[in-house]
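Next come two complexes built around subunit A: one with subunit B, the other with subunit C.
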Partner chain A sequence: MTLIKDPLLLKKLEKFKSIKRGYYSLVLLTVLISLSVVAELLVNNRAVVVRYNGAIYFPTYGDIIPGKKFGFDYDYEANYRELKERFKNEDGNWLVMPPIPFNPYENDYIEGSYPPYPPDSRHILGTDASGRDILARLFYGFRIAIFFSLLLLFFSYIIGITIGCLMGYLGGRFDLLFQRVIEIWSNIPTLYLIIIVSSIVAPTFGVLLSIMVFFYWVTMTWYMRTATYKEKAREYVLSARALGAGHRRVIFSHIIPNTISVIVTFVPFTVVAGITTLTALDYLGFGLPPPTPSWGALLREGTANLGQQWIVMSAVSAMILILVMVTFIGEAVREAFDPKKFSFYE
Partner chain B sequence: MGKYLFRRFLLMIPTFLGITFMVFCITRIVPGGPVEKILAEAQMMNQGRASGSGGAPLSEDQINELKAYYGLDKPMIEAYFIWLGKVLKLDLGVSSRYSDPVWDTIKDRLPISAYFGIMTLLITHLVCIPLGIVKAIKHNSTLDNITSIGVFVGYAVPAYVVGILLLVWFGSGLEWFPMGGFTGDDFEDLDFWGKTKDLMNHTALPLATYLAGDFAVKTFLMKNTLMDNLSADYIRTALAKGLSFPKAVWKHAMRNSLIPMATHFGQSLGLFLMGSFLVEQIYNIDGMGLLGYESIVERDYPVVMGVLVISSLLFLVGNILGDILVALVDPRVRFQ
Partner chain C sequence: MKRILIFIILFSFQFALSAELPKNLKWETNDSDPTYADPNAKPGGTLRKFVLTFPMTVRTVGPDSNNSFRNNILDNTWALVGTHPNTRNTIPLLATHWSVGKDMKSMYFKINPQAKWSDGKPITADDFVFALEFMRSKNINAPWYNDFYSTEISKVEKYDTHTIGVFSPKKKPREQLILYLGIAPRPKHFYGGKVPKNYTRAFNWKPEPTTGPYYLKTVKKGKSMTLVKIKDWWAKDMRFIKGRFNPDKIIIKVIRNNQVAFEHFKKGNLDTYNLLSSENWFQKGDGKEYRKGYIEKTSFYTDSPRSNRGFYMNSDYELFKTKPLREAFSHALDIDLAIKKVFRSDVARLEHIYTGYGDYENKSIKARRFDIGKVKSIMAKEGWTRGGDGIWKKGNKRFSVKLTYGYPAYTDYLAFIKEQAKKAGVEIELDLLDGATSFKKIQEKKHQVSFSAWGVKMLPSPWESYHSDNAHKTQTNNISNTDDKELDALIDKYRKSVDRKEMVQLSRKIAQKVHDYAAFVPAHYFPFVRGAHWRWVRFPKKAGTNLSIQEFDDVTHAEYGGLMWIDEDLKKETLAAKKSGKTFPPVVRIDKANMRK
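Now for the complex of A and B:
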């Protein structure tokens, strides 16, 4: 009753599962990504559920609920942390706060002292120089970075696989032309050009993504070209052609399924590249504009305030953790999809 | 061999033209060039002096003069060929920010980046090749697994994060090393040993940062290719004929395993001589990387183009050098 019937693929999946560190990294990362999708329920200054005078409210998504509704004397958004304190003395009213009751944009000032605040029971990882909770910023920063990488992966692979496959399949002049284009493209200092462009166009998520895709498709194209070349020369392609299969059919139902192992192997490394580049741009101040929560911005702030080591250490640890996990997955995928078994005689 | 090299050098030309032309066009198309920068500055000064007087801060003639000075008065293609003609005469132009010849600036910065590049290449090859060999032969041993952790982290984490981490721990926390710069303030007054010590002290952290990234890639490369070769049939044959295992590794597997390392050497040469602007920025080292980065931020386009010329030439020459090295270690490759 499994979805996958292909015995070869099943064997590869079995092999992947048997590589423990890669498998558990994948499980953990999937959990983290799923949790980050509903980050508003986990890390937020709005309560998840409020019961007030018999009515039930879900403030997380949707418009702000003015303080007056909950018996405060102001019209701006209710402060749910204060509300929780108040509800302790009120019968029948209760609310559930997210595990981390802070918003990544919120400046939390403690009376009598100035931020950044070191880690304590209120802010588990402390706050940055403007009093924003670091854990909240790390979590939202992770969501942006990982989805940026996944989208980068998706678009650059679509372009890369299309052009690479055509280069390998058509060969000839088309191949020669794109070979030169790729040679030029890969010699241009990508990060420099992104900096030039993003210092003119306001770098929103979409703009930054398009610029990155514009430069990243090259890598996949090159590998796809080589893989297609190899597959095209195999007998099964010839026999498919002899049986009367059209080019479209040969490419889509014969060549691409056979190059899937090449594609899959590079996925984790593209994710690493996406996270790394976005963080580098944010670190230099050419990434997403402030106050967007990002790891790069935390790194920059941390290196500017080296006396407050919790800022920089939190960002560095988060990066090491995620990147090492993705690399573990990558190595496991590579091993699972590699038909060779290393063995030698002594 | 001469003919082959000649052809390779000829193939460099279209690539070089393509790279420089593309970046040249971008610097032209993108707004915010040097003239606009001067105009903006003049506008600010004007407003400061007599607010409300209005009007353009510079006359049409002055703007045209400025454009001619920076070579912006000609159409893009023509301007590119004028620039190219100058480059062929080894004239990289004059910095629009400091009015210094670009080549002089590059000459000052290149040795600093080259110091790190050459040191990194030396140390990684001296460490990674033996380590890779040991890891391949003792695959899945305790030593292999323990070193793998370090290599994995170095492989996964980008150099700038390693740099920041080292700076936080050893520069700021333990205060073992200075926080940045290439040499100390009193460098000129020191004797030879003092100079060496000062240089070592200042460059230890950035060097470790460069090493961390390159180290991992090279060790993996060495280990994986050697393991590939060790499981190949020809090694089994050699062993079956009675050759001892160490001899089979040294005489047969090693030579084949060095081929990818040779390719990699050529590629990393250009990269290392140019330095990484992220690492140079973190440690405040005035190398080529930082020069390129600053010139882009400041829109100093002659310097941008100058750095690009040097970096793309180094990169292309590095690739050819890699091919020559491959041909030296791989008897199957012939120069044709």
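Now for the complex of A and C:
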């Protein structure tokens, strides 16, 4: 029993699976993304489970638990790393810390020395210049970057595909008008606009995303327009029309499924573009406001402290790793969806 | 109307003819304060420094003249008198004697008859009369100077070639009169007796003759500028000048990036490099050149007026309308720990406004400390409770504020304070904007809290910053919107006073009131000047003065500059040692005489 019945698509998936590095990259990336969704359980200064005086607590999500509840003398959030040390001498009380017991905002200053600290058993990848765990910042930075680019992909594709499809399908004046609109649109320098906006207001995730979507949808329209023009002239479209199918049905049930290979092959590259743009903006200081964990900010810090190579090394390696994986996936997808293997030309 | 005008013209004409020095003037000079240079300093040699940008002009007034290079010329354009950088008494520069008029609106000066322009022409009373005409002229295209020289100085009177009087339109305390009326001359002969119409265009690259030790000799456009010491300089034997301004030549290279400049310095292409920030002092100030003793580090604690740097709450913002919440916010900022951790304990906590202003400072005021207990008791009294996220709340209000600032270098420091504030139940959102935009936002009073610092003056000027005249309106310096009737009364009294004792008392009371109002949380200041220099750059035993602003960059400053010298023998020795691999003991000199406990 398979969900996908279309034999052509099945063949494509088979082909994709057979391209090992693309397939494993996809698996790895999916795992990473799913892990990043529950980052709070893996990289955090809050314990996963605490058992104290007979009661069980799950501090990860929701409200803070004040230190008083665990027998400290303060009202602010309990320090679970200290609590763990204390529990070593207390019977029946125990807690489980996440594998990386630091959150990305926390300044961990070691008495008598000054950050950045080199990698050691406490901080696997070391810390940045303010004593924040680099691995924690990389991980949360990854979550922000990847979801930023996935959302960017989603919204810009919805707009891009719709308009591109309509241009190809309707043609005529609509096509002509939007061609001109897009030509003008794509001449607005995106980077400068973002720089201007972020110097006026501190940009939030939503603002940055909207600006990017505002410009990014354009790229997809050209490809969709051509693809639609091509498909529209095919006999199956004519047959569907002859059978009385409406425009909407023709576009959504016939044309878009047949242009899927165009869309899919562009997806990985859009993801790459999303990540690099966000990183570049953060690097230049025009991205998300500090102290948001971000790869770009880490890169900038690394290049400013070239003597402390672990900072720049970890940021660069993480970038390379993710971008190479996405590119492998992209390659594999393109090969798997290459119509030359399965289409028959008349 | 016409008649009045004629009368005025006649009157002033008459007055001009009959200008006569008031009798019974008490002439003062200063030949007793301690000197601060090293009498054994070796003259000669070349000092090499750098600037980040090549200036757009070498004019010192007019469009584009306010660049980082300008001080190299301005410092060499001496005024009549200066301030002793350790005792803060007046010292002679171009004038040998001075006298403050009994009306507290005038000053009289005897110009040193030996004083000469760098082109050899003598400096006379006419140059000072011309200076006023020059600075008021529309031809120089400098509205700020036009205004300043019209509203702060009413006229300059020539009595004979070497005696002048300078007049202020309003009464001022003695200290201020000396600061405002001890003006600098302009070379009348150089401009042909009148202010040239095409000044801003014709004099872009024609440096004006100077009155100080150096003059600008060569300009290699885009590359470097060379200042050369005047041969047989007229002032070289003056009490406070002897042993200063030792290098024969100062080459100022244009290096457009600090990192690159630092590499040049390490190679020995530059003689000095400022290392003010903790990061630079500890990280850049460490390496094999230091360990081998080729490069030395010098730090000198100063006692100069400090900038009122800190957190300015906008008391028009909903949360900060009442004093208790302002106090609670002050207690939620863990500045001391941030200084310890982020600045490695080597900057000092600012305790109150007007630190370093001598008698005017109220040393008894201590800034509010980080205290979770105090925050708790204040908030509980006001009826707030801690929300589920640990932040104080009351109804739909949350104690969450946006902190506006415009200088990315402070992000680490502020992020640290933000994390600590969370413990006290206060959420701070960092609102980092571009420098100009953040300044605009703050000037328009649209901020909630800002992290700002102000330029310093020699005397406190509280009206602009704390008087209600400047509250609740845009484009004023009262960015905390401080509005307190008692404080207003004190400030008004302070502004009108010409009695130093009274002003000192008032200034201290004002500082106390500002503290009580609790809209300003003093942050920190750099209590020293410090930097690195090659071994051959030598300093007196006391490497700086109390008023030094930057150890190495102000080598030409008339009051506190030019203490260092270049020892050519040591230079040869060091360069030879560097080649052969010989090492010297590493040197880090820290003079803590002025350090506050």
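Throughout what follows, the second predicted complex is superposed on the first by the 339 of 346 C-alpha atoms of A that agree within 3 Å, B and C clash if a C-alpha of one lies under 4 Å from a C-alpha of the other, contacts with A are read in each partner's own complex, and residues count from 1 in each chain.
Here, contacts are C-beta pairs under 8 Å (C-beta built on N, C-alpha and C of every residue); 3 or more make two chains touch, one makes a residue touch a chain.
For clarity, every value in this text was computed on a predicted model and none was experimentally measured.
Undergrad: Does subunit B (first) or subunit C (second) touch A:G302, or do both, or does neither?
TA: first
Undergrad: Which partner does A:V272 reach: the first (subunit B), the second (subunit C), both, or neither?
TA: In the superposed model, A:V272 contacts subunit B only, not subunit C.
Undergrad: State whether A:L193 touches subunit B only (first), subunit C only (second), both chains, or neither.
TA: A:L193: touches subunit B, not subunit C.
Undergrad: Check whether A:R180 is in contact with subunit B, with subunit C, with both or with neither, and answer first, second, both or neither.
TA: The first partner, subunit B, only.
Undergrad: Could you say whether A:A280 touches subunit B, subunit C, both of them, or neither, answering first, second, both or neither?
TA: So A:A280 only meets subunit B here.
Undergrad: Specify the partner with more touching residues on subunit A, choosing between subunit B and subunit C.
TA: For subunit A, the partner with the higher number of touched residues is B.
Undergrad: For A:Y74 in the superposed arrangement: first (subunit B), second (subunit C), both or neither?
TA: second
Undergrad: Just checking: does A:L323 make contact with subunit B only, subunit C only, both, or neither of them? Give me first, second, both or neither.
TA: first
Undergrad: Just to be sure I read the superposition right, which of the two partners does A:G62 touch: subunit B = first, subunit C = second, or both, or neither?
TA: So A:G62 only meets subunit C here.
Undergrad: What part of subunit A is shared between its subunit B contacts and its subunit C contacts?
TA: Shared contact residues on subunit A (touching subunit B in one complex, subunit C in the other): 199-200, 307.
Undergrad: Show me the residue ranges of subunit B that touch subunit A in the complex, using the header's touch definition.
TA: My answer: residues 14-15, 18-19, 22-23, 26-27, 30-32, 139, 152-153, 155-158, 160-161, 164-165, 167-168, 171-173, 227-228, 230-231, 235-236, 239, 245, 277-278, 281-282, 292-293, 296-297, 304, 308, 311-312, 315-316.
Undergrad: Hey, which residues of subunit C end up touching subunit A in the complex?
TA: For this pair, the touching residues of subunit C are 279, 282-283, 341-342, 344, 372, 376, 386-390, 408, 411-412, 415-416, 418-419, 422-425, 430-434, 437.
Undergrad: Hey, which residues of subunit A end up touching subunit B in the complex?
TA: Those in contact with subunit B are residues 180, 183-184, 187-189, 191-193, 195-197, 199-200, 272, 276, 279-280, 283-284, 299, 302-303, 306-307, 309, 312-313, 316, 319-320, 323-324, 326-328, 331, 340-346.
Undergrad: Sort out for me which residues of subunit A touch subunit C in the complex.
TA: 62-64, 66, 74-77, 105-107, 109, 114, 129-131, 199-202, 285, 289-291, 305, 307
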